Amino acid sequence: MTTQTLSETMPKTTRFSVRTVLQNAGIGLALLALILFFSVFTEHFLTPNNITNILTQITINLVLAVGMTFVILIGGIDLSVGSVMAFAAVVAGKAITLPGFGPTEAIALAIVAATLTGVACGMINGVISAYWALPSFIITLGMLNIARGAALQVSDAQTIYSFPYAFEEFGSAMIYGVPVVFLVALFLVLVAWFVLNFTVFGRLLYGIGNNEEAVRLAGHSVYWYKVAAFTICGFTAGIAAIVYMARLNISSPIAGIGFELNAIAAVIIGGTSLSGGRGSVIGTLLGAFIIGVLANGLILIGLSDFMRQMITGVVIIVAVILDYYRAKYTSK
Amino acid sequence: MTTQTLSETMPKTTRFSVRTVLQNAGIGLALLALILFFSVFTEHFLTPNNITNILTQITINLVLAVGMTFVILIGGIDLSVGSVMAFAAVVAGKAITLPGFGPTEAIALAIVAATLTGVACGMINGVISAYWALPSFIITLGMLNIARGAALQVSDAQTIYSFPYAFEEFGSAMIYGVPVVFLVALFLVLVAWFVLNFTVFGRLLYGIGNNEEAVRLAGHSVYWYKVAAFTICGFTAGIAAIVYMARLNISSPIAGIGFELNAIAAVIIGGTSLSGGRGSVIGTLLGAFIIGVLANGLILIGLSDFMRQMITGVVIIVAVILDYYRAKYTSK
Amino acid sequence: DDKPVVGLIMKSLANEFFQNMMAGAQAHEEKRGDYKLLAVGMQNETDFESQINAVENFITQGVDAIVVAPADSRAMVRPLKKAMEAGIVVVNFDVALDTEAKKQQNVELAFVGPDNRGGAKLAGDALGKKLGAGGKVVIIEGNPGADNANERRLGFEDSVAEFELDLLDSRTAHWETEEANSVFSNMLTAHPDIQGVMAANDSMAIGVVKALESAGRDDIVVVGFDNIPAVGPMISDGRMLATVDQFGTDMAANSIDLALEVVKGGPQLEGWVKTPIELVTAN
Amino acid sequence: MAAVSLAAVPDPAETPAFLSVDGLKKHFGGVKALDGVSFSLLKGEVHALVGENGAGKSTLIKILSGVFPYDSGSISLAGEDYRPANPHVAKELGVQVVHQEFNLLDHLSIAENISVERMPTTRFGLLDKQEMNRRARLALDAIGLTDVDVKAPVSSLGIAHRQLVEISRALQCQSRILILDEPTATLTERETKRLFDIIASIKAEGVTVVFVSHHLDEVFAICDRVTVFRNGVSIGTDRIADTTPDGVVQKMVGRQLATTANEADPDRVPGELALSLDEFCTQANPKETGVSFDLRYGEIVGIAGLVGAGRTEILRGIFGVDPIRSGRLFQAGKEVHFSGPRDAIAAGIGFVTEDRKDEGLILDMPIAANISLANMHAVSRSGLLQFSEENRRSRDGGAKLKLKYGRISDAVSSLSGGNQQKVVLAKWLARNPKVLLLDEPTRGVDVGAKAEIYAILKELAREGVALLVVSSEMPELMTLADRILVLAEHEIQGELTRPEFSEENILKLAYGQARQAGGQKQ
């Protein structure tokens, strides 16, 4: 076929990124439509303050969704992120309020405690589901209960408070109106994008999501890659805990209930396939924005709580239907 | 081939049922172990009253899980069952408290209203996810929000109450200590088992879960089968609403939050594969029992709530690990 | 061992209000030493069924008294009636069972507890006094459909009516800090002229206070409900105007005392045994 | 190959066309899969479609069976315009297909798979399992699969058995046109012959059969006419009686093919011991005794045997995929234990698997990514992918095998079956293995490319690579191998050296034991 010669003459750049952008254009368009709609129909939507608010509000979901993207790409799912976040926050809250530390040490201790807790929970999820080849849905459902119970046990169901002032500052710091915590999330997105697209590790994660057996027969240790994906997801849950603490200045053992569904929704609205192997973390970014903009805009527009919930459902469905037509159109 | 002679000499009965029993034995053993444990370590576990309690308590989850089995068998998932149940209960609650009807008509009206509401929601889930081939996870997540919002809107967030006395009676009626509502659920299990194993429709649902494309290439309309599976799931959500109303004597718009996870857990603990095509509704029955016995027994044993939540998580994980070894052993 | 057994049914113990209440009850059990306490909570705030299951389990176990904080004022009537028919002493505390529902089921049951609506009105009044007529306020509600959320919203609305406040918006944040933070930030964008916020519990009030800090607004007055320890510093440094203490720690213990009284042959309780509520402010 | 009677060859001049295709075009994105196809089918003929990999045969078949719509052109069936919207419509009109890639329901029983199109029901509309099993039994017996339990799940079958189940399914329904897309690619002699008998009998009933194969001997054995495809265009249709295999090949590739020498390579002498198996036995092996043989560097050893003889099993055992029950494996004289493919690969072994869809390819990923899958270290530096290096290597690897593709970044799923097989080969060649295990390496590969692949494999042997080739095509083994081990019932029945090579000798060994076992049973 003549197409072959065509590709031979093309420059040797990776066309991967171009395709990624196109793949996400559909959901990007849905996002644009939402933004346009709210800009026209509400007064305050496009004000700097409100944009700051939106960025702050999507941060936690975005951080969780980045890790979730790794797990979903290998064909898994992690229902425990909300609970693990709470558990990590409680452990870190206990650490940060330990007597006898200066603020800097206390903060460092908290960050270490939160990430280690997250990493440990994620690793357990990964090891169990990979070693026995068990459905991660049910393993992480177990972890959802374990981590929540542990968070409540450790904190005795009490909200932990009075963190060092510097920690609060980090939570509310801005750079040109952009919350620092959002920049942290964005940084995670970029790192994840890089890892998924430009490293052997990322390539193999996609491969495992598509055809685990083929990757195994090509001599790769599928087990470790799976454990790694879940561990990354646990790690981002730990980071989310830190963001939560910095932003609200408390650690609540009942934080994060239902956050897993939001994170998964961001990933899937972003075009990543639940059966694994297809998708991108840039899509996840857009998916998180859709959810965040929707939540913000529907309040600004003054819809009642109940209507708001219904419309949220409708828009989520419409967004993926739109994406279907985009995919159909661009594949021609 | 030695296997050949073996199979030739075996009686030509269907070994399917034997195999089904064996396939479920693992999780059955886990259930047995739980029952034994609680019988030994608690005083009241094996009393008739407590057994009645357990049966009553697992009924709603079991009803939801039966419908969920259909959806998961075709490789889908339905996150909306809890919300749809609440919506159906609220609609039925409005219907049953309409003035001007005698108790019998009112109850009939409520039953029709609840099932129709469930069927309608399920059908919408099915049509959208089948027609556009969209991930049912996200479509039913949309429906989760829509149905919940609708339930709150219709009821104005008020609990609806004062149902005819006969309805209450049905909710608490017993036959030899077995709650009638549980018998209803058991009847659904049997019907589902029969449909899945002894009708062309049922076998094709398994087929779709295995390889949708192959079923389409065999000349079947995959679309309608998928719609049917989701509709059945909506239908059972409607039935669950009726059971809920009869049992609690109220319709609460915030009923059923998180029920979808329990129903899915029952299905998966019961050995049905989340990727579809494999599993059985008998497994679902056992899965629902595991969850119910665990919840009941851990309370009887006097564990603190937080420990109970943790142990629940651990037992869920251990149950599926046990099942792994059972599968490994019996496949030899 | 023939000590009377008391079954305590609470709402979600993940909620620190009930957790503290339970700790209070356990301390009380130890102190009195003449009864055995069995306590259960719910998985979450809307898990009515597990309360009904708990009642059924307690009937099975043959407890002497059930002390219950109902998650739904209507759903619990019938199972509690069953318990009473089984000869168990039942005491209803924290949230009153629905009067209509009780009447329909022919249940006579006293209520031991605070006046949620009255308590919310205390907080609302404090805000009203501070802002004066025409003050622009919003309400952050609890879980829609939950009785105490309802009561507190009604109490706030009573204050709004009495002080002729201007209620700009009223939304749920499901009792949750993070959601309150987001929801209130967005309400503040939509209504920059807000002057006062009534949060139906302190967890949500914390979220509101953080949102105000991020927005750099120190001109908005916040009141909450529950008096959890974390809001102590906020009240003393003026970030919050007031909260309401309903002395949850003692509530269950007091109700148990009343129940044991009846078990020992004392007279049946009647009507509403009001427990104290108190407005907590900086001074 | 037993020639089936060609007695009733319909004369195209006399019989009007039953199905005719005219100027058919179909494109996928930028790829013109069909670019003007015209041909016709007569009632009751066996019509072959031949062409190189990617010529468009499967695409045409998918259009005829209602899987894809077509862009332009026309099709008429029995005089009426034919434009099936979906497979259902095509089946209603009597067009039945066995697709090139399997379409089985893995966890359902064989019987259910066979009757999936129309399951038998009882008077009450319920599934009639007994009838279903009975029909399946008959269908399997007819095709020679007497030793398989119809109630077993398809997932327990090897690849050849799966193919036979697919064929039995298509034979279940009354059809006017039966299309078989490379049905023999995974079959051995015995099954192929059975299939031909069946084709002959349904042809006698007036059914038109369309037969796709890369084996021209098969085409010449059973077909009446042959249509040649090249690059999405139909070159022309000939009566088999009027043409020769060479003529067909020339039309296919547009040039004369060099025939591969079927002789020993004088430059090549087997060297050191590469692998040596001693009573080697995997857990899947039902027999107590294992297999023992040696493989030397620079040598090509073939393994022949009937379907299910246990050939794949040996390769999987060596490669560490399946656990070993007993016996020992030596590499270069030292005993080795591979706990997984990773170890085997580290020891310089490569394994071209038999089932490309399930084990070989990541269908949704780019061609380049698939080719470098087993060779990541060569296309990466400290964990970072070097895309230009990867693309360069992949293009080179593809070019060596005459891989036909659009862009190297296209998904493998967009390739034709034969080209997908080449990607699997390219993946392992990219590693420069010291020992290469090949399971049905040319499944679905066209004659031209096959010759190239043979040349490449021989070249590898000349460079000192040890090759162990499992194949169901005896000519392939006889062309490639220095020695052929014949397997039956998981045991080596004998070894043939080059002078002893003949289909007859191989078959004698392959059948010998099977017949004995059959005798014992009765």
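Note that the chains take the letters A, B, C and D in the order they are written out, and that residue 1 is the start of every chain.
In the analysis below, a residue touches a chain if its C-beta (ideal position, glycine included) is under 8 Å from a C-beta of that chain, and two chains touch if they have at least 3 such contacts.
All of these numbers come straight from a predicted model, not from anything done at the bench.
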Practice task
Find the chain most remote from subunit A, comparing centres computed as mean CA coordinates.
Solution key: D
Practice task
Compute the distance, rounded to whole Å, between the mean C-alpha positions of subunit A and subunit B.
Solution key: 30
Exercise for the section: Could you give the separation in Å between the centres of subunit B and subunit D, each centre being the mean of its C-alpha atoms? Expected result: 44
Handout entry: Averaged-CA centre spacing for the pair subunit C and subunit A, given as whole angstrom
Key = 34
Fill in the blank from the handout: Within subunit A, the set of residues that touch 2 or more other chains is 148, 152, 157, 305-306
Handout entry: Multi-partner residues of subunit C (each touching 2 or more other chains)
Key = 13-14, 44, 144
Handout entry: Interface hub residues of subunit D, defined as touching at least two other chains
Key = none
Practice task
Spell out all pairs of chains that touch, sorted by label.
Solution key: A-B, A-C, A-D, B-C, B-D
Fill in the blank from the handout: The subunit C residues in contact with subunit A across the complex are 13-16, 19-20, 44, 144, 169, 171-172, 176-178, 181-183, 185-187, 189-190, 192, 203, 206-207, 210, 213-215, 228-230, 233
Practice task
Please name which positions on subunit A make contact with subunit C in the complex.
Solution key: 42-44, 47, 49-50, 53, 56-57, 60, 148, 152, 156-159, 161-162, 168, 172, 244, 247-250, 252-257, 295-296, 299-300, 302, 305-306
Handout entry: Touching residues (chain side subunit D, partner subunit A) in the complex
Key = 29-32, 54, 231-232, 319, 321, 340-342, 344-346, 351, 353, 358-365, 369, 373-374, 376, 380, 383-385, 387-388, 391-392, 395, 404-409, 427
Fill in the blank from the handout: Counting only contacts in the complex, subunit C reaches subunit B at residues 13-14, 38, 40-41, 43-44, 46-50, 52-54, 56-57, 59-61, 72-75, 77-78, 98, 100-101, 104, 143-146, 150
Fill in the blank from the handout: Contacts from subunit B onto subunit A in the complex sit at residues 79, 128, 132-135, 137-139, 141-150, 152-153, 157, 261, 264-265, 268-269, 273-275, 304-314, 316-317, 320-321, 324
